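Before anything else, here is the set of structures, which you'll find just below.
Each of the two complexes below includes chain A, the first together with chain B, the second together with chain C.
Now for the complex of A and B:
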């Protein structure tokens, strides 16, 4: 029917517009990072790498990179560990107040970051733990663990629960069944969860900005530059940030979907 | 299944409880308590006084900010949900399974990719002499003032929430039982009639959850209204930042945060009971 084709075309066109809108800021930022003009607009100036050179020769940038990497790796590891424990508990056990338990684990992403930022700042100052690199790590672990739990829980969902009991019946202790059956099965999800949570931590700026004190992560450094002027260096740093977090998210998704499809 | 509470079970169960009580529930409860503290000579004193609450709620600018934030977040929710729906509908019904998977794959990437830098990018694009106006000038339009307007704020909110809302809507639409839709069409319902009385009600829960997340994210975001919206008037998150960073008035900022949490809880509760209400 003709109307059907028309609708189909309209929808494809609309999807195209949506994806252009979603990816425009990322692409623009990459293009302008190589553009010579001080104020980024069209027509473009000439090709240059001077913004990258300025950024690379700035010791503050490298300091921020080190802080960011340290924070995101540590929070990624902690969040993945906690996420695994929670996902496994949810998969394996039934108990009273399990609903409350799951809610406690999953709630952080539903609280606005600005509120968590203030709460964390106040609480960490109170217990004498604010303004340190590990203050950011503590806060980011809270934010990231639910994502890790979600990813790992989805993977465990595909495991036959009898697999573990079979190992017990063959004489394995719970610990060795964990080590030889559950962990190998969950391994791709653990890697995936680690990459995803590392990306979340790497990009987070509100909470970091509040609790980090003088230890700026890259997004916090960007935030502070933004309060001044339009600085084309931001495009160069931004491209670096995009590249890092996109790579992490893509790896996380590829590992997760590859294993999921193979086993089903 | 062994189900007793032994060392093994506790090893897996305890980490999240301990961590969340210490670093999630603890901070939130302390923040609520802090809204009753006093500040004397730039130092916070633990107390239980209504001073901050009275001070904040008696100010006109607080209520201006409150209403403006609710307005912006509601507008963002309506606009995002409406713009996302055709895309989600297309992804759920008009493309192949593998295209849908790829589309979701692509949408997940920006959701986890620096929102701050993407907003800065929009700032440059929407500026007076930016890319958008330069392109509009080619076809003889403009220049339009796009920064420091509600339009700017909405572009920012869309940058934050659009991919997530499309994903949530797509998932809920593609889980609808197809035979329901076919049945409606066989019974002679037209496209719009089917959409309105079968498709949308069947996906209601997912659509509302998408909208709730959109509201929460927009309501709590300071980047879009600050950098793209011009912060006139400020929104509640901007008020929190100003009060905390510039004024050192943490207890007053806590009042704002508690009011925000109460608002969000009310909105989420209302929306979710609406989502699960049986249709008569």
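Now for the complex of A and C:
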């Protein structure tokens, strides 16, 4: 009885510590984004939204937002598409070296980002495609596809393998079975894979910094501001980025778990 | 002309042969059960009919036309799956409509037809439910409605009742039997359960290791097994090796582990003195008495164990020479004998009860 309670307290304490460590810096950043003082010190100055106003009125910021959105939406779509194809191949077919195929498909996130970024830069400039918006899209698709595959593969593993055959048996062609059975079944995973990969792309710095050239994404823009001065604008931008990514990740999580629970 | 014909059909998976030289004809409107233990090739046979597997050799014909190469979607052979394989993201009625939708039938007509079948299956009130809100029996009915809505000439069933509890199985057997009679279409029913096969089928196919062991009416298969495998598979048979001692008309005397026994055997042409034979006596063909009875065949035994399954009692007996015998009796019939482990008794059986394996 007593040890039970002790364990419970220990778990709560552990959880608390985790949350404190994860969220304190973020919350600090949010708080200082509304603080009128130029330097982040305690006691706080007065409440202000002037940093946000500065950010919003800065055309460079909007350009970075546009680039980031374009890049993350495009690479989210592409990564989800590629991820679905790889996961479906894994689900449907048995072939030699399948283990190697899966390992290869899951490889990119295991490569240190800096290596991946350098390799991407070298390769893209060799084919004359560096410094473009779509160079970032290509690089992010490579980076994100394995995440999408992971999420979609998990969902397809829950699918009764007879389901697709049942559709054929009832008169559906292979394409029609894909459209009417496999895709609807995988839909929650497709949506969450899209949100997740979009969030990854939106946050990603290293690869973007190497291949983006003049088309800065938000994380790259943040660094450039920081290199010049310590500016509370950063807190405002950080708050914005944080909430965008969190929203995407939470949506992904909610959709995936809700649908998975219901149909299992 | 038979509706479905398997001619020398072979199915190999790599080096293993799943179905070997199968020859089988199924008549229009027949309820055929294919029975065997797992891995005997019964499901592969069914999947070949549905087009989910392609025969390695031989020919499958439906109404006289070769269907080996037809895609699953080009056949009218819907299957009721063991896992049911209902679409979890569709409602009950959308599941039933699926086959019609794939055939390009318009929404209104689809709905009307689907409702007719839901009513036939007595689940019309569940039309808008989601699949995960249904009980096992209800899902079963949805699966049947979904397969039958396109009014196919043949329905394939792959162990559809294996997930249900015993009471529900008996109920669904009734539903299936009646459905098959009413529709007059062919049912091909794969199962490992003897009681399901015998209860519903017009003919039973017994398979073992990819080969057909016997095809026949349930009673025929039960009373006249064509091989030792069938005799062992279809239940409580006692099987002994023996040697023919003498033949007088249709009466054959055989020396067995139970001693000399007399058998009534019409087909005596196939037998001659000192042939080795295998003798089968069904567990329900013995009489139990406390003294030696008047039948030609009798032997003294003692009870080794007793199993009480509802109205039937299964006994394991042992003769004085140590031969074990399985016996089944109605509980009422043997109540007065007051049997318990160790009780000594006589069993006797008529010559007609002795069956010789071909």
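By our rule, the second predicted complex is superposed on the first by the 255 of 264 C-alpha atoms of A that agree within 3 Å, B and C clash if a C-alpha of one lies under 4 Å from a C-alpha of the other, contacts with A are read in each partner's own complex, and residues count from 1 in each chain.
What we mean here is this: a contact is a pair of C-beta atoms (placed from the backbone, for glycine too) under 8 Å apart; a residue touches a chain by one contact, two chains touch by 3 or more.
In this text the structure is predicted, and so the values were computed from the model without any measurement.
**Q** After the chain A overlay, clash or fit between chain B and chain C?
**A** fit
**Q** Looking at A:184, would you say it contacts chain B, chain C, both, or neither? Reply first, second, both or neither.
**A** In the superposition, A:184 contacts chain C only.
**Q** I want to verify the contact counts: of chain B and chain C, which reaches more residues of chain A?
**A** B
**Q** Give the angle at the C-alpha centre of chain A formed by the C-alpha centres of chain B and chain C in the superposed arrangement, rounded to the nearest 10 degrees.
**A** Spelled out: centre of chain A as vertex, angle of 100 degrees.
**Q** Now for A:6: first (chain B), second (chain C), both, or neither, which partner does it touch?
**A** Once the two structures are laid over each other on A, A:6 reaches no partner at all.
**Q** Is A:88 contacted by the first partner chain B, the second partner chain C, both or neither?
**A** After superposing on A, A:88 lies in contact with chain B but is clear of chain C.
**Q** Please indicate which partner A:20 is in contact with in the superposed arrangement: first for chain B, second for chain C, both, or neither.
**A** A:20 sits against neither chain B nor chain C.
**Q** Using the touch definition from the top, say if A:176 reaches chain B (first), chain C (second), both or neither.
**A** After superposing on A, A:176 lies in contact with chain C but is clear of chain B.
**Q** Which partner does A:253 reach: the first (chain B), the second (chain C), both, or neither?
**A** First partner only.
**Q** Of the two partner chains, chain B (first) and chain C (second), which one does A:141 touch, if any: first, second, both, or neither?
**A** In the superposed model, A:141 contacts chain B only, not chain C.
**Q** I'd like to know which partner A:165 touches here: chain B for first, chain C for second, both or neither.
**A** In the superposition, A:165 contacts both chain B and chain C.
**Q** If you've got the overlay open, could you tell me the nearest Cα approach between chain B and chain C in whole angstrom?
**A** 6
**Q** Go through chain A and flag every residue that touches chain B in one model and chain C in the other.
**A** Comparing the two interfaces on chain A, one with chain B and one with chain C, the shared residues are 165, 168.
**Q** List the residues on chain A that touch chain C in their complex, please.
**A** Chain A residues touching chain C: 160, 162-163, 165-173, 176, 180-181, 184-185, 187, 262-263.
**Q** Can you tell me which positions in chain B touch chain A when the two form their complex?
**A** Residues in contact with chain A: 1-3, 5, 8-9, 11-17, 19-20, 23-28, 30-31, 34, 83, 86-87, 89-91, 94-95, 101, 103, 105-110, 112-125, 127, 129-131, 134-135, 158-159, 162-163, 166, 191, 213, 216-217, 219-222, 227, 237, 240-241, 244, 250, 253-254, 257, 260-261, 264, 268.
**Q** Would you mind writing out the residues of chain C in touch with chain A in their complex?
**A** That would be residues 50-52, 71-73, 77-79, 81-83, 85, 87-90, 98-99, 101-103, 132, 146-147, 150 of chain C.
**Q** Which stretch or stretches of chain A touch chain B in the complex?
**A** 7-8, 11-12, 14-15, 18-19, 21-26, 28-29, 32, 39-43, 81-82, 85-86, 88-89, 92-95, 101, 104-105, 107-108, 110-116, 118-124, 126, 138-139, 141-142, 145, 149, 161, 165, 168, 174-175, 196, 199-200, 203, 205-206, 210, 219, 222-223, 226, 230, 234-235, 237-238, 241-242, 245-246, 248-250, 253, 257
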